[in-house]
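Think of it as A, B, C and D in the order they're written, each chain with its own count starting at 1.
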Amino acid sequence: MDNQLFNGTLVRLAIENPETDAASLARWERDTEFERVLSHKPVFPSGQKKWRERLEEAPDERQFWFSVFALAEDKLIGFVGIFMVRQQHGDCMVGIGMGEPEFRGKGYGTDALRLALRFAFRELNMHRVALMVLATNARAIRSYEKCGFVREGVTRGADYRDRIRRDVISMGILRSEWERANSR
Amino acid sequence: MILQLFEGEKIRFAAFDADKDAEALSKWTHDPEYMRLLSPDPARPLAPFHIKKRFEEMEKEAGRDFYYFVIRAREDDRALGFTHLRWIEWNHGNAHFDMGIGSASDRGKGYGSEALQMLFRYAFEELNLYRLTGHTMEYNTGAQKFLLKHGFQLEVRRREALQREGRYWDGLTYGILADEWANANR
Amino acid sequence: MDNQLLTGKLTRLVAGDPDKFGELNAKWSHDSEFFMLFDSDPVMVRDAKRSGQFFRERAEKERPGAFPFLVQTLEDERLIGEGGLWNALSSNRDAWVSIGIGERELWGKGYGSDALNVMLRFAFRELNLHRVNLVTFEYNRRAIRAYEKLGFVHEGKIRGGMRRSHQRWAIVFMGILRDEWESANR
Amino acid sequence: MDNRLFTGELTKLTACNPESDAKIMEVWHRDTEFFRLAYGRIAQPWSVEHIKKRIENHGGEVNEPVFAIRTLADDKLIGQIGLWIEPSQVEGFVWILIGERDYWGRGFGTDAMRVLLRYAFRELNLHRVVLRVFAFNTRAIRSYEKVGYVHEGRVRNALNRMGQRWDEVWMGITRSDWERQSAAPKNRGENNDEYDNRSAGYIKPVGA
């Protein structure tokens, strides 16, 4: 049995702690460059109090959000989550955001994503995991491809910001593809 | 392209935090000049309790469609004022905005101008709105100059719409289209 | 535009959180004479917590036409009394006013009259009211003289309407019109 | 004083009755031409329950009177009219909708608006009344002009409807506009009841 489910090589996943995590989330959301890549909803600084309330909401079985800690420094650097879980279809989505800029582009995100996939396939017994990413977010797309995600479709001009329309790419990975990618 | 929407040079936009900001807003409402420049409603001093209550009511009434920012000074993070977008009609791309700089000593330093430019960018480039509407009063010549300087046009004059100091004053409505702002900033 | 709307010669009107009203009323309730002059309900000593709760409920249910104030001295910013304008946003353009100085060592020194005069200025210059009503008790002679000096006119009384210390007292009604106040303050 | 304050020449203003009115109004709201004349919001079908709640939630407060418009002849519910009174008690924001199509363009809306204005100026002591109307609603604009409203400006391109941008037209009527208008001879020679007599003093006893 794999008891290191939540420990990777560079990061570990932990359940969110409203007291401490809300402060970081409130700080990260002020970086709208980061926020706008992350979500299609209008960015808005909802503030620490609101984040605290959201984190304290009772978890439901359709979404599982984790805080991502850098192992060496034991520092909260981002979050990752499996959400929109549809048990009867074995389908879900994954979302990831590396809040601390100095930990981006160094493999921490990819490692956290791998842990989330292991959780989705091994623990939640999902059949597939999907995600959506801006066509212009090349670094994220490379990380997803490294984890075994395949492009499944494009919604043309779905993101509209700064008076520019951008495509949104949807990617997915099946359990079989994930098993193969990880048995090598 | 501007990537940071909430960080200006001299100011930044922050969420309203009842514990931190109710005190400052309450102090401003004790200045009749501030209250009378801000709204046609009867000016009255508000305690922090009332500030929080009003904010909750505004939030409940508009649900998600209420974007309220506290304007904070970057130098010492003190609250300078507020600005918000309200009554948003997504199907028409319409919104009303309001803005206030709390203490007289903070006015005339460019905080309002920078806040308005940031609000324009947020309204037209993040929320993709079509136009913005602002209101002021006949005796508030400062606000009128401010609005005209930033590209607003006078659209409606409601004759004798408010009464103060024993006489009637007109209510003024100003509007600006997204393209007009974009062209002005080309 | 008058920017000293809420400031008099000796006092200014400020807003107060329910807890602050509760704390002050609890303190002043131990001076039975004050409450006999200020209120018709049987006097009772009150504790700050329960008193605060009472004012919180009052604030929750506050109707738009209610304008409660605390009275603060200008020289040392002490909170020395309370009052307010009630039912002030009616189509009759009138309102009820109340004033009480809790700190007894300041009685008879003009603080009450000054605060009441500021409230009348607020009523006539900001709320554009036509008249202000007040009710007091026959034995409150010092207050009645002060109201008369401010321009209030006796408009009627309920003979023997109150019973206190084994005696019947009249409930006294007084009123002042806007132009009467304006000429008194020319 | 007069007990016919809420009565006009073709209509009368009555209290709304959520139970019976909501069923009738639900039919009105199926008609998107009506919906788009009356509201700027997104047109969508409203259930009877939804309308009942709207009636119950609005019109209770003293600063937000809402009336049902009924015909004098047969007490038929044909529309709604309401006022939102600014906290300063100086200005009232009026809105009117006539739901029954076959009563459009026959003076019923104009009559109801006249009754509302008399109520606003005589009973509520407002100083002025203002309204917004969409530029494509030319029939309503003409009706408001007949009643005495003055054009006060246009919010440019405020509406995005039927594939086109439309202005929002703002019209206002002050007490003095209204006194002048109601004292002036009626253009259609309607009879002059005591409310429109030339003497400014409406306190004068009836018929004196």
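Here is the rule we go by: a contact is a pair of C-beta atoms (placed from the backbone, for glycine too) under 8 Å apart; a residue touches a chain by one contact, two chains touch by 3 or more.
Everything numeric here is computed off the predicted structure, so don't read it as measured data.
Enquirer: Using the touch definition up top, find the fewest steps from chain A to chain B.
Expert: 1
Enquirer: Please work out which of C-D and B-C is bridged by more C-beta pairs in contact, and write that pair.
Expert: Of C-D and B-C, more C-beta pairs in contact link B-C.
Enquirer: Using mean Cα positions, find the chain sitting nearest the overall protein centre.
Expert: Smallest centre-to-centre distance to the global C-alpha mean: chain B.
Enquirer: Between chain A and chain D, what is the gap in Å from one C-alpha centre to the other?
Expert: The answer is 54 Å.
Enquirer: Provide the C-alpha centroid distance between chain C and chain D, rounded to the nearest whole angstrom.
Expert: About 41 Å, centre to centre.
Enquirer: In angstrom, rounded to a whole number, how far apart do the mean CA points of chain B and chain C lie?
Expert: Going by mean C-alpha positions, chain B sits 35 Å from chain C.
Enquirer: Centroid of chain B to centroid of chain D, CA atoms only: how many Å?
Expert: Inter-chain centre distance comes to 32 Å.
Enquirer: Going by the touch rule set out above, which residues of chain D reach two or more other chains?
Expert: 87-88, 90
Enquirer: If you look at chain A, which of its residues touch at least two other chains?
Expert: Residues of chain A never touch two or more of the other chains.
Enquirer: Tell me, which residues of chain B touch at least two other chains?
Expert: 42, 163
Enquirer: Report the residues of chain C in contact with chain D in the complex, numbered from low to high.
Expert: So the residues of chain C in touch with chain D come to 64, 89, 91-93, 128.
Enquirer: Tell me, which parts of chain D touch chain B in their complex?
Expert: Those in contact with chain B are residues 40-42, 86-88, 90-91, 127-128, 130, 150, 152-161, 165, 170, 172, 174.
Enquirer: So in the complex, which bits of chain B are touching chain C?
Expert: 26, 29-33, 36, 42-50, 53, 139, 163-166
Enquirer: In their shared complex, at which residues does chain C touch chain B?
Expert: Against chain B, chain C makes touches at 1-6, 13-18, 20, 56, 59-60, 67, 69, 88-89, 124-128.
Enquirer: Enumerate the contact residues on chain B facing chain D in the complex.
Expert: 40-42, 89, 91-94, 130-131, 133, 153-163, 168, 171, 173, 175, 177
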